Structure formats: C-alpha cells, structure tokens
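Right, I'll just put the structure down here and ask away after.
So that you can tell them apart, the chains are marked A, B, C and D in the order they are listed, and the count of residues begins at 1 in each.
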Amino acid sequence: MAREEKELEDDRLNEYYGRLQTLHLGPLWSSIQTIMSKEPRPRALPYLWKWDDVYRLVMESGELVTPDRGGERRVVFFRNPGLEDLQPWGWGALTHTLYAGVQLLLPGERAPSHRHNQNAIRFVLQGSGAYTLVEGERVKMEEGDFLITPSGLWHDHVHEGDTPMLWFDCLDIPFVYQLGVTFFENYPEFHQPISQPENYSTQRFTAPGLLPLTDRDNRYAPQAIYKWEKTKQALDQLSKLDPDPCDGFAVEYVNPATGEAAGHTIGAMMQKLARGDRTQAHRHVHSAVYHVFRGQGYTVMNGVRFFWQSGDTFVVPNWVWHEHVNDGNTDAYLFSANDLPIMERLKLERSELYPEKYQTVVGDHLGNGGRT
Amino acid sequence: MAREEKELEDDRLNEYYGRLQTLHLGPLWSSIQTIMSKEPRPRALPYLWKWDDVYRLVMESGELVTPDRGGERRVVFFRNPGLEDLQPWGWGALTHTLYAGVQLLLPGERAPSHRHNQNAIRFVLQGSGAYTLVEGERVKMEEGDFLITPSGLWHDHVHEGDTPMLWFDCLDIPFVYQLGVTFFENYPEFHQPISQPENYSTQRFTAPGLLPLTDRDNRYAPQAIYKWEKTKQALDQLSKLDPDPCDGFAVEYVNPATGEAAGHTIGAMMQKLARGDRTQAHRHVHSAVYHVFRGQGYTVMNGVRFFWQSGDTFVVPNWVWHEHVNDGNTDAYLFSANDLPIMERLKLERSELYPEKYQTVVGDHLGNGGRT
Amino acid sequence: MAREEKELEDDRLNEYYGRLQTLHLGPLWSSIQTIMSKEPRPRALPYLWKWDDVYRLVMESGELVTPDRGGERRVVFFRNPGLEDLQPWGWGALTHTLYAGVQLLLPGERAPSHRHNQNAIRFVLQGSGAYTLVEGERVKMEEGDFLITPSGLWHDHVHEGDTPMLWFDCLDIPFVYQLGVTFFENYPEFHQPISQPENYSTQRFTAPGLLPLTDRDNRYAPQAIYKWEKTKQALDQLSKLDPDPCDGFAVEYVNPATGEAAGHTIGAMMQKLARGDRTQAHRHVHSAVYHVFRGQGYTVMNGVRFFWQSGDTFVVPNWVWHEHVNDGNTDAYLFSANDLPIMERLKLERSELYPEKYQTVVGDHLGNGGRT
Amino acid sequence: MAREEKELEDDRLNEYYGRLQTLHLGPLWSSIQTIMSKEPRPRALPYLWKWDDVYRLVMESGELVTPDRGGERRVVFFRNPGLEDLQPWGWGALTHTLYAGVQLLLPGERAPSHRHNQNAIRFVLQGSGAYTLVEGERVKMEEGDFLITPSGLWHDHVHEGDTPMLWFDCLDIPFVYQLGVTFFENYPEFHQPISQPENYSTQRFTAPGLLPLTDRDNRYAPQAIYKWEKTKQALDQLSKLDPDPCDGFAVEYVNPATGEAAGHTIGAMMQKLARGDRTQAHRHVHSAVYHVFRGQGYTVMNGVRFFWQSGDTFVVPNWVWHEHVNDGNTDAYLFSANDLPIMERLKLERSELYPEKYQTVVGDHLGNGGRT
C-alpha cells in the first residue's frame, strides 16, 4: 500500500473509531491484545513496606483518630503502587483481590460492631489483652494468633489490656468492590451481646481430626482462632520432615470441619524458613500478601531482591516469579494470605516451576525495599 | 471544638494523610464508607443500544477490517458508559464481569484458531452457513442458536454461506482482566483439524435426561450447541404452565451432564414474554446483559423505562430494580447472559422482590433508549 | 507332627470353637477366606426368565388378587435362584441390591397411595391408559416409557384404559432390607389429590440442557417420565456414531438438573444392538437386571449362552463376564437397571475388559434360558 | 364368603404360589409386608459381651494359632445372635453392615501384609510396642489410640514389645459381603517395605485446622492415627461446655483434610459420660458398636438395661431406642463405631428423640449382660 493510501485508511479507521466511541462501542480487533493478553499482566506490582514506616504511622494515627461508628476501625492499609490510581482510594487494593492493613486498638478502646459480605482474616502482631467478638463469641487475641471473620458474621473488638494492640488485617475488599456488590451493616448497638463461652473455639477444637459431636452441623466457620503456640509447634514438628520445595515448612489454616480455607475466599498460611534456607523459584496465578512475623532475609521477585525483616509487608502479584531466602541468624516465619480459593473455585489457577532452581538476580529493590 | 481548633486538626490530618500517601499507605477510617458501601454501588449503569446503530457500525467494520491473526475477530463490543473510562478500553466491560459484542463474519471468511482462559458463549443473530470449530467439532450456527466455548478449548470460525453472519458474543473478559490472570494462545496453524463428526453434540444430545453412555466421563462441556428450534418449542410448552413471576417463561442453558450453567462462569437464558406480559420487579446481586431476539417492549430499571425492540442490547447492572414489559403485538423473546455462577460459587448472591409488584415509572431513558 | 498329635490339636481347636460359638464369638482365622474372598463371590446367579412363563403367570394373578391396601400392588417378582433361600421371600432379591418384577393393572383398577424409603423405577411393557400419580403429578404411561418414584414420594396408580397394563418395576428393596432400615407409609386415603398439571414433567423438560427457570431449586426428582419416542430417537441418532464397545448404542436415564442417575440409587439405561452386533466382553462390580424390550439374541455370561427374545428378563450378577449378541433379524433394544450409583457413592466400583474380545462359549443355559 | 369357598380359593392360591416358586418367581402382595415393613426391623439384636469372657478366649487363641498367611490375623469376632445363622459365619456381622473383633498380637509376632476393599478402623485396648504399617508408614500403637486402614491400602502389624497387644477392629465386612463385591489381595512378600518416616501422621498433624502444605493434594487418608492423650484432652476440654443431649461429651474421628469420617464408610467416636450422667433417649437408622474403654454403667435399649464395665462390647442395632447411664464412681469413656456414613451417602439416615427424656426400664438383660 502506498503511503498515501495507508494514511487515508488510517484516517477512515480513526473517524470510524470516533463514531464507535460516541455510541459507547469499541472495536475488539484493536483492543484484544491489551484486554486479552497472552500471559497475565497484573497491574499490581511487587512491593515491600518497612515496619519502621508502618509502625510509626500507625502509632501516630492513635493520636489522631478513634475507632468510632462511621470510621469503624483505625487501620493504615497498604496501597499497591500499581493500583493506587484507581478511584476511590485505589479500592484499598494490595493485590487485585486483596486488601491488607495494620490495625491499632489502644488500651480501653472499643471498635463498633458491624458485618459485611467481605471475608476477613487477622494475624496478631503485638500486644495482649484485646478481644474480638465474632457472632457472640469473645476471642482473646495474642501475638502470632490467626483469626477469621467470614462473610456475614457480626464482629467488634475491645481492648482490656494496657499496651497498644496491633494486628494485620486482610479482606477481599477490592474483589468485592470491583464486582460492585458490597453489603455492609452496622449492628443496632455499639456492641453485640456475648452469647457463647469465652474462647469457645479453642475449647472445642483441640486436636486434629477430633470434631466435637455438637459441631456436626456447624460447618460454616466453627473455629474462630488458631493460636500461635500451636502453629509454632506444628512447624517445628514439620521441620523434621521434608519441606515443600517452593514454600519451606508450611501449614495452611483450614476449616477443621471441611478442610477448606478457613478464610473462605482468602487462603492463609504460615511458613518457616530455617536459617540458610532458599526455596525453589516458581510462579502461580494466585496472588499473595506476606507479613514477616520473625526473621530476616529477602524474596527475589522477577529477578529483583526485596529485603525483609520482622514486621515488613510485601506483595507477590499474580504470575510473578518468586523465591524466598533466609539469610539471617535465626529461623524466619512468614505469614501470608492469598486468593487461591477464588482462583480454584473459578478454575483459573495455574502454576509453574522456574526452569532453573533459582532466578538470576538482576537488581535490588530501591527505597523501602532496600537493605541499609 | 472551636473553629480554629478544628482547622488546626484538619491541617494536621491532611498533612498526615499526605505522608501516608507518599509511602503508599491509606487511612481506612476515611475511605471505608466508599470502599465498603452499605449497599452495592456498581459503577456500571443501566443502558441500552439500538440495533440500527449497532448493525450499521458492525456492517461498516466489514469494509474496514478482516478477521486475521492478531485482531482475531471482527467484533464491535458494548462499553458500559459507567465503566468506559477504565484504561485500557474500559476493559471491554459491559458489566463488572461481562464483555459482550456483535461479531460479523462475511461469506468466505475464516477467523483464526485460538484458546484462552476466558469462557465464551454465543447467540446467533442473523445468517446461516457459518460454522464454529470447538476442540475438533464443527458446529453449524443458525439464527437463535446458543453456543459455548468454555475456558481452554481451541476454537475458530468459518463461513461457507453467502450472506453476512452476525452473532452476539459474551465472555468473562473484564472479570479475568481485573484479576490480572489472562492467558491467551494462538493455535500453531490458522485452523485446527476436524476430529469429530459434524454437529457431534446435536447428534449425542437429543432429549432431556438421556445421557449417551459414551459421554459418562465427558462432563466438562459435552454439548456445544443449543438449537433455537428446541428452545422455542420448550418455551411454547412452558407457556402452558405458570410463568416465573420476575422472568416470565424462561429456560436456562445448562450442561446436560451436570445441570450447571453451560457457560461455566457465565449463566444464560432465553425468556419469553407473551403479549401484554409485565413481570414483577426485583433486584439481585448478579448482573445481566440482554439481547432482544424478537418483540418490542420496555424494561423499567430503577424507575426509568428503557424501550427495546428486536436487536437491541441492554444491561441490568448489579442490584438494580428491574421489570420487563411486552407492549408489542407479538410474543417477545429476550436472550440474556449473567454472572450468577460467579456470585454463587463465591457465596455472594442475594436477591429481593420490590416491595410493590411494579415500580413507579419516573422517567424514560433519553437518547438511544428512547422510543421515537 | 505325628498323626496322633494332629488329632489332639484338632480336637482341642474344635472344642475351643464350640466354646466361642456358645458365647456368640467366632475365629477370624478360620473364616476370613470365606467372608473376605479374594474376588467377588456373589451368591446371585446369572439367570433368565422367558416372557411366556412370566406373562402367563402375571395374567393369571389378575384373576386371583386385586391391588388393595395391604397387598398394595399386583406384581410377580423375580427370585434369583442363588438368593431365594434367604428368609423371608429371598428378600425379593434379583441381585444383592435390586428387586424387579412385572406389575399388572387391569382396566378400571386403582392401586393405593403409599411412600417408602426405597427408590423405584418403572419401564412400561404393554398397554395404555394407565397413569401414575407421583407427589401430585399425574403421569401417563405408555409402552417403552421410563418412570421414576424416588424415595419418600407419594405414589399410586390408576388405569383408565381398556386393556391390561403391564410394566417392569425395579426397586432397591433387598439393599434396604438387608440394612434393616425400611420405612413404608400408607397415604391417609386411598388416593392422593392431584396438585400439578397433567404430565407436568414432559411439559417442563423438552430438550437437553434447557432447564426451566422455575425448576432451578427443584433438583430432587424434577422429571418423572422419559418417553419411549424420545429414547428411540436418541438411540437412532447415536447409531450414526461410534458405539460403546461393551454396551452398543446406549443412553443412561439421568436427572436433567444434576446429571446423576434419575433413579437415585438405581442406574438405568436403554441400549440398542443393531442386527449382527456383538459387544466386547467385560465385567464390573455393579450388578444389572435386563429386560429385553425388543429383538432376539443371547448374552454370554461366564462362558454360558443365555438366549433371549422380546419380554425376557435376565440378570448379570456382580463381576460376571458378559457380552451381548444380537443374532435376530431386527435391531434389539435392551432395557436395564443397575446398582452402579450405590457402588460409586461407596467407592466400590471396579471393572475390567475380558483379555480377548469375546468369551469362549462353553455351554448353553438349560431350561428357561434355552432356545427351542 | 362361605367357609368352603374360602378353602377352595386358598387352595387355588397355594397351588398358584407353588407354580410361581417353581419358576423362581414370587407374589409381591403376599410378601410386601415382610420385605417392606412399616418401620425398620433389623435382624440384629441388642447384645453385650463381657470382657472377662472375651479376654479369656482371645488369650487362649494365643496358644492355639499364629497370625500366618491364610489365617492372616488372630481375631475373635463378635457374632450378633440375631445374625449368626447367616451362612457362612454369620457373615462376620455384629450389625447389618459392621464386623468387629478383638485382635491379639504376641511379643515378637508379625501379621502378614495384605489389602482389601473393606475399610478398617482400630482402637487399641492393651499393651505397647506394636506397630501397624499402612502404605509404607510405621505407626506405633498405644492404649486408647484410634487408627484407620481405609480401602485399598497395604497393611501389616508387627510387635516389638514384651507383653500381649490387644486391639478392637471394626470393618465393613458384612456390608461388602452381602453386596457380593469383596476384593482381597496378599502383598507379594510377608511384609511391605517402610517408605515413610516413623509416625509420619502424628508429625504432620499436630493441631486442628493446620494442614501441612505438602498434604494439600493428599486427602484420601492423610492421618493414620489419633492418639488417646489428645482425645482425652479434647474430651476434658469439652466437659466444660454443654454436652450433646444424647451422647454426652463426644468427639468424632474425622479426616482433617475433609472433615468427613476418618474411616470412610465407618464413623467412629469417643464419648465421655461424667459420673452420674444419663443421656436422653433417642433412636436412629444407623447402627453402632460400642466398646467400653473405661468406667461402669448401663445402656437402656428398648427398655432393657445392659450393664457394662471396662472392656465390654455392646451393640445398638438400627432404630433401637437407647440411652446411656454412668452409675459408676469415675468418668466413663465409650468408644463406638457406626455406619452413619453409609446411611448419609445413600440418604437413608433418620432419627428421633424419645417422647420422654428417658425410657421406662422394663427389664435387665440376662446372661452376659447381667450385673452380678
């Protein structure tokens, strides 16, 4: 085609595209390569937040706001740099489906009771003396504990201790937001009444495979809390066996009455990397959010090292190559949450091992993720 | 609080919010009411496209482009006015999860073979003589037929007839796009080979509840096509019985080997409104895309009338009150696709009847949706 | 061991076994080889009943008894010669799980309404003008139709025609009997009221994969009847494709809303053997009961030929090698019922192909099964 | 009808019945009331065996036989007096579906490796130093432990301790036997090789809801043993909460990866009755086999008291009213196995509370069940 002809054709096409646009229509042949890419192109980026920054700002919020009706919770949440331009508020997205933040409750405070169709999980970072109330059960929270508040259950928090209480929250807020189907409801009063024995779950669930007969028809969310002490013991025990090649010694938090993810749409696990461990690189369709509970090391994502230590939060977006390295002097414990249950229920999950065992490191993450 | 104090506090908060933002963090207490609204606030809007507009532009595309490798398909798709600012291309979204468009294949043309992890369904609008090839089966498409191309199956189209062939496509493109997990693959050659008898499905599936023994272990997508003639007969038969109060006489297209939605993540149905029928108003969490196959009438959405006739496309976003009215002189047939399977698998579905039987009409849709 | 010692030891063991028996105890080491055999040793035997015999005796019963409350139904049932010594009544067993019989309803008669936890299926042999009432739906029965009456549904029969009506019944009576868990209940009156349109199922289910929207939450037993005309058409259509190597052209009767066996615990199918067809020999854990609807041929079971023609009934016990041969002048249609759903739900099913294609015939069945 | 006529008619019917019988046919109207009874009429009887008797005879078997290939296991099993006339060996039936016995392994002995399609569970009564090998895992057995050997897994036993080892076995032998579908296979050698770390399960499963990541795809039978120490702790913990009205404080042994019965077709639980406890009377379709692990009391079955103490075995057949009473000076622990999973999978389960809280006691069981 002569140059002139080509220009004429382009003009005509552009004029046509303009008319399509006016009528809220679009040409698939021009857009298919961006909206149906060959491989996943998540807008979420690998990223890492240092605990010093997060902690300082969360504590400062304690002087600025209180957890009242309306604001509901005092949480500083992570905004994925690749998603933060989404309006409003980057949809609270750390990955395409998951929100995560650090919540602060000060001694004597109470956060109001509400329920919503998002699922929530929590992992306790610091402090003691606080309780979560879930559907009438008062549950004591202690460092390292994992808790769930699935869709539709009333929940509120109260702090009877004397030092600040901090925990990590993860919800499927962006997933439900982008579907446009959120429901949120305030409890008629500030607090719900207590209707169950305190720490009812830990009294009913004490050993693997022993289901209380009285729980036979109670399979929705029978176990509210998973204590750190037991998780730690489980991992120490597993450490005598072979590790998972890509995740080290790891346990998934599951519903003891079904074996499915305790957090319903949100998967969660605690993994232990012994001193010197380096996992094999892989990638998978599901995304994950990591909180470094203990230890020091780095995670290589698409060839870039992200250095972490206790308290840091980092994100492994969908289909990003990743491997974890513990190069500190102690065992490392990484807590993580993911959207694997969503991917599995919709038959979208897929994964692959990196062709070699480890990635070639091509750089270090600048700024927050850098090691100084 | 004195006015001055309030200003000081606001300043301090704003300064604090600025520091949060710099570190890619956000305050939940300020954002919770927008990202966790009390009720669904889909950005998708109720809207309607007139067939005249769509048809004219689709036919024009026939002069401008061909279905080659790269562009893949000649489709003009619907961009929901509430979502079209999403980059790129409004993600192809007609609802938060669903893409839909009208595809044109001209006599003698072929569209190249590919596969993807999005699920696709098709509804044939006009023409005859075209075939879809799905995983080795050549399937003849005729007006009113419903077809499926579930995730992961190779498919291509070929037109051996002599008039333009038009069909309505619906895929879960925006859902998979926003998860960031798309996979798309070209078949090594332009076309896949034929490995099954022609119209294999319609030979194997001929009556309800009769499963070929040879299909006992073939439950993924055993039936590729649902012929209009049978759908029409089914609706005529159902018309002698009581209608569904909110949807009239309706059949859902299901997998005959499982009873689940034929389109996997995409539900689909054909509904018939007899002359003069007016359905009861309701709303539901799932969204729906309608194509008016035959007839004339209007749909009231949140109090506004959207007038439709044969060939028009309209969208019922999540949680929008809606009711359908056939005020024409013939029976009306509405084809629709929805994301109910996604909502159900993730336990998000909810619905309610309008307090009264019908909505109060407060206005008519301007522009495209208006009746002239 | 010297002979004397051996005798002493045997004496001691026998004396010990006697003491065990007195206390209702038993020695596993002596019994394991019989109660845990290496391969299935069903007590049920391959057997065949000639239609002449069955028909003559069933018709004679029409002069002797009526279907009143107490006797409930006028049925002559098949007693497997290997099981008929079980008390009482050989438990009604044709296989270890299945009962089958031929029911006769004379013009003007009615059989009383009842329900039970056994599942029932029926296949109509002769006559017209009779109706089954199942849970308020009046269903017309015609030659070749397949019907279901699953566990817990009220059912009664009424005959408004003018010639005797005969059908084949199959229930899981022996299975439920041997579990000792039967429930049976009479409807308070002789008949239940009609609450649904006549032939409601055939009006709602007309084509494969088209589920009436109003049946979305009605998955227990939505389709009461499967008409012969449709079954015949399905088989003729399938005959243009490849047959199942061991079963010829065959369709399974399934619930159109789930794809599972229509008869719940009872599987059922209709298979067509074209003139001259001989299927490949195989065996499987599940057992089957055959009724020859049309045609003439023989079935080789464990090397023995059982000759059949229209109206004959034969049984293929668990794990018996079998192959079917149509040596008549027309297509043959074999109806069969089986306990595959029970085996599958309890993960007991297993099957294997005969090492060669066909068995070596070693004899012909004497007596009833002989061809004269 | 005159007496004479009646006699004539009876004669004619009897003559007819004789002809039916000759042809292996039967009249349903005469038999329906016995083979389809109004309510369950299990042939199994409530019964109880005293430990003194069982123990004495089991120990005596230790002098008479060894666990060699062929006899396989040295077990004395319980024969339900209502079923023991079944040939052969009362089919090993303690209930219509379940076999149970007491197995003895002497110091230094080994029982050969085999597998079968019956499911097995075990409960350890006395001794220590014995191991079970299941599919390559060596599992140490101690008093009060619960173990599983599901269908199809190789298993053998070896005793390295120095006192006799006794355990309670329960299998679904009669259920599989009466279906006529048993498979049993000897391992090519006397023992299978060890391929897993010792006590692999107890190392992997340490706390409720913590699933090792490496077990994600291993859901068939991931946990081989449930230690008494943990069971005891669980029951002590539950004792602070409300008991189940009909079963006291009780835990069901479940598969930690699915929440389903650990024994597949065989349900099992351990229940604790505190001093003075009396449960509410009820009955259910499923049957149960009890072994009194510790304590003293009685169970009322259909109005008759069966007195038990540590080591006794008793059986609660289907649909028998029953309630348990601890009238000893200590807590009582009752182990039980049942066929509830079979009933549930086939939708046969049903249960009801006794109209009053307790049954009226009408007698004491004579003989073995009597208290002296």
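Criterion: a contact is a pair of C-beta atoms (placed from the backbone, for glycine too) under 8 Å apart; a residue touches a chain by one contact, two chains touch by 3 or more.
All figures in this text were calculated on a predicted structure; none of them were measured in a lab.
Listed here as common contacts of chain A and chain D: no chain.
Chain centre most remote from that of chain C: A (centre = mean of CA atoms). Taking the mean of the C-alpha atoms as each chain's centre, chain B and chain C sit 45 Å apart.
In this assembly, the C-alpha centroid of chain B lies 54 Å from the C-alpha centroid of chain D. Here the spacing of chain A and chain B, counted between their Cα centres, is 31 Å.
In chain B, no position touches at least two other chains. Contact topology of the protein chains: cyclic, one closed ring where each chain has exactly two touching partners. Chain pairs that touch one another are A-B, A-D, B-C, C-D.
Looking at the complex, you find that chain A touches chain B at residues 12-13, 16, 19-21, 23-44, 47, 49, 53-54, 57, 60-61, 64-65, 67, 70-81, 84, 88-92, 96-97, 99, 101, 116-118, 151, 173-174, 176-185, 264-265, 285, 287, 317-319, 342-343, 345-348, 350, 368.
Within the complex formed with chain C, the chain B residues making contact are 197, 200, 203-214, 216, 219, 223, 226, 230-231, 233-234, 237-238, 240-244, 247, 250-259, 262, 269, 271.
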